[in-house]
Amino acid sequence: MIALLSRDLKLAVRAGGGFGLGLAFFLIVTVLIPFGVGPETELLSRIAPGVLWIGALLACLLSLDRIFALDWEDGSLDLLATAPLPLEAIVTIKAAAHWLTTGLPLVLAAPALGVLLSLPQGAYLWVLVSLALGTPALSVIGTFGAALTVGLKRGGLLLSLLVLPLYVPTLIFGAELARRGAAGLEVEAPLLMLAGISFGTLALLPFASAAVLRINLR
Amino acid sequence: MDLTLADVTVARGGVPVLEGVSFSLAPGRALVLRGPNGSGKTTLLRTVAGLQPELSGTIEGAGERVAYAAHADGLKAMLSVGENLRFWARVFGLSEIGAALAAFDLERLEDRLAGNLSAGQKRRLGLARLMVTGRPLWVLDEPTVSLDAASVALFADAVRAHLGQGGSALMATHIDLGIPEAGIFDVTSLRARPRAAVQDEAFL
Amino acid sequence: MASIWEYANPVKFIRTTDRLLPWISVAAVACLAVGLVWGFFFTPEDYRQGSTVKIIYLHVPAALMAINAWLMMLVASLVWIVRRHHVSALAARAAAPVGAVMTLIALATGAIWGQPMWGTWWAWDPRLTSFLILFLFYLGYMALWEAIENDDTAADLTAILCLVGSVFALLSRYAVLFWNQGLHQGASLSMDAEENVADVFWYPLLVCMAGFILLFVALVFLRTQTEIRARRMRALIAREGAY
Amino acid sequence: MPELGKYAVSVLSAYGVSLGLLAVLVGLSVARARRVKAQLARVEDRQGRQHHG
């Protein structure tokens, strides 16, 4: 299992692995927002938590089709399916690798980009917490979508269409947690819901992803 | 443990391609599948490897004993030869890759990126992968594609060494490998009569 | 005693629904005509909402069917996964566009109703927002059916998507309620049938709901027949090629 | 025609949009049903002749 994880991480950071693309996209989205809505500090600081969440979500979406597509094309997926690893473990590791190469860098970059959006002082912690708690769910849900569309030509757009509605609860609770934290309101409810979604999807969705992958491989 | 197929029917996209396939393969033996293109050899091998379910019949002695190699080698261009092999070894719970590198004359290439190999070298690496799985039953689909005569000889030696250690091999290939332990199994006579796909039967 | 699963046989399904379809269609049209005419011409205005109350005869039944269509797809998907009856999978496929149009009607009428009430075409009211999300789920489900060539693979994958989607749709519903509680305290539109709807509005509404249900059943029967025939045609052509 | 008051446009457009959408849905469903039925009949006819003739 560790072998697969470390291979995926290695591949991501080597040339052509696409590591950093998501991060660059996140940066560009955050830079473009003020051009779109105007430079008014007060407005920016009010929408900053939501913008950071949307940016992270889109950056995440951008790299989903790579989760299985490359292994599908070069035959690795067939070979992995005959390996002594259950497919459930394989999809979980794939999701973990996606999070480590995409989600985690986004979480770490968010405070820096928060500066560009004049994120209020007290909000940094909550943006960080909500993204750290929510992005794993984005990776796991995205892995399910990637498994659904693995054999399809031009699956990229379909993948977005399938995954975006599934992202709604995570986005709502994540952004709400960041917003409430920033405003100094009670955060317990969204915190619990976001944690529940993350752990729930992490525990259950790999079974659906593995079932879908098995169907696509046969 | 023998690999035993009893009255197996395999299907491609739901359409039966081979039916009544029965044979058994003992340790130390190899079996070469013969048959024209499209006769279902690949489908049979994929079924034995557990990548798709058989339509009917029973397959015993496959499953966790299979190391499968197909047209696609499953190599990562951005990893070196050694890294590719070591990865597959670790997936199968092993770590030693020296013997595999030596058997397929890949030692000098160990640190080269797989993406920079020639087609034949890639193929050799793909076959070397079989040796690091530690699995007794090799299931090989056209293993000698893009190999030159010297490499085919290397491959035949590796297969014989594997058989000598009590392993077995089931392969689809058109060339004569010169392996005395190998039997021939011609699938031509077992081709399924043309009929509709199973998922369509309810609609006919 | 014939088992209900007999109707899972495509031929039997087509024969039975062929007999039922004219009756259901006539009943659907009759109910819709009576209910809508009654509601449109012969009900008074609401003291608060004025004549916009007449929109509920479309909005409420459409919203009802938008949700029930998804539930039906969920049940059909489960039947397909457990018992692998092809008719079940095709019925789910046939219901999706109907459900999507019902959702669209619920959204459109909701927005049109909201325009004079809220002074804007669209407000992120929790209920409307939920229907918008449901619409996205319908779109994804239909797109997945269209994208996959192998019929059984498509049935399997869409069934799992429907299952997973149902859980997330429910989660979204709660998320949306939670998300918007701060924005429109108490001001959310109360077009719930149960709440404060007097009998004079309630009876024509019931007739309209019956009409929408019958229309849905008729459309799903018809469209399932079409899907079965299309499947049979593909199977015949494939067999032609095989011989 | 009932007196719809100041909301006439809203009410009428709601009915128009909804009935229009329903009509499109029914129309497309019926049209496709007819088309597929005819195509199937043609294929069945052709195969029937091949098998018996």
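Should a chain be cited, it is by its letter among A, B, C and D, assigned in written order, with residues numbered from 1 in that chain.
Simple rule for what comes next: contacts are C-beta pairs under 8 Å (C-beta built on N, C-alpha and C of every residue); 3 or more make two chains touch, one makes a residue touch a chain.
If you're wondering where the values come from, they're calculated on a predicted model, not measured in any experiment.
Participant: Write down the pair of chains with the top C-beta contact pair count.
Facilitator: C-D
Participant: Just by CA atoms, which chain is the most central one?
Facilitator: Chain A is the most central one.
Participant: How far is the middle of chain B from the middle of chain D, if each middle is the mean of its Cα atoms, in Å?
Facilitator: The computed centroid separation for chain B versus chain D comes out at 53 Å.
Participant: How big is the gap, in whole Å, between where the Cα atoms of chain A centre and where those of chain C centre?
Facilitator: Chain A and chain C have C-alpha centres separated by 32 Å.
Participant: Just how far, in Å, is the C-alpha centre of chain B from the one of chain A?
Facilitator: 37
Participant: Would you mind pulling out the distance in Å between where the CA atoms of chain C average out and where those of chain D do?
Facilitator: Their C-alpha centroids are separated by 16 Å.
Participant: Could you list the positions in chain C whose residues touch two or more of the other chains?
Facilitator: In chain C, residues 232, 236 touch at least two other chains, as defined above.
Participant: Going through chain B residue by residue, note those that touch at least 2 other chains and give them in order.
Facilitator: Answer for chain B, listing residues that touch two or more other chains: there are none.
Participant: Note the residues in chain A that touch 2 or more other chains, in rising order.
Facilitator: None at all.
Participant: Along chain B, where are the residues that touch chain C in the complex?
Facilitator: Chain B residues touching chain C: 13-15, 194-197, 199-204.
Participant: Sort out for me which residues of chain C touch chain B in the complex.
Facilitator: Touch residues, chain C against chain B: 9-10, 86, 150-152, 228, 231-232, 234-236, 238-239, 242-243.
Participant: If we count contacts the way the header does, which residues on chain C are in touch with chain A in the complex?
Facilitator: Going by the criterion above, the answer is residues 133, 136-137, 139-140, 143-144, 147-148, 153, 156-157, 160-161, 163-165, 168-169, 171-172, 174-176, 178-179.
Participant: Provide the residue numbers of chain C that touch chain D in the complex, in ascending order.
Facilitator: So the residues of chain C touching chain D come out as 36, 40-41, 45, 50-52, 54-55, 58-59, 62, 97-98, 101, 104-105, 108-109, 112-113, 115-116, 215, 219, 222-223, 225-226, 229-230, 232-233, 236-237, 240.
Participant: Considering the complex alone, what residue numbers of chain B touch chain A?
Facilitator: Contact set of chain B toward chain A: 49-53, 64, 66-68, 70-76, 78-79, 83, 87-88, 90-93, 129.
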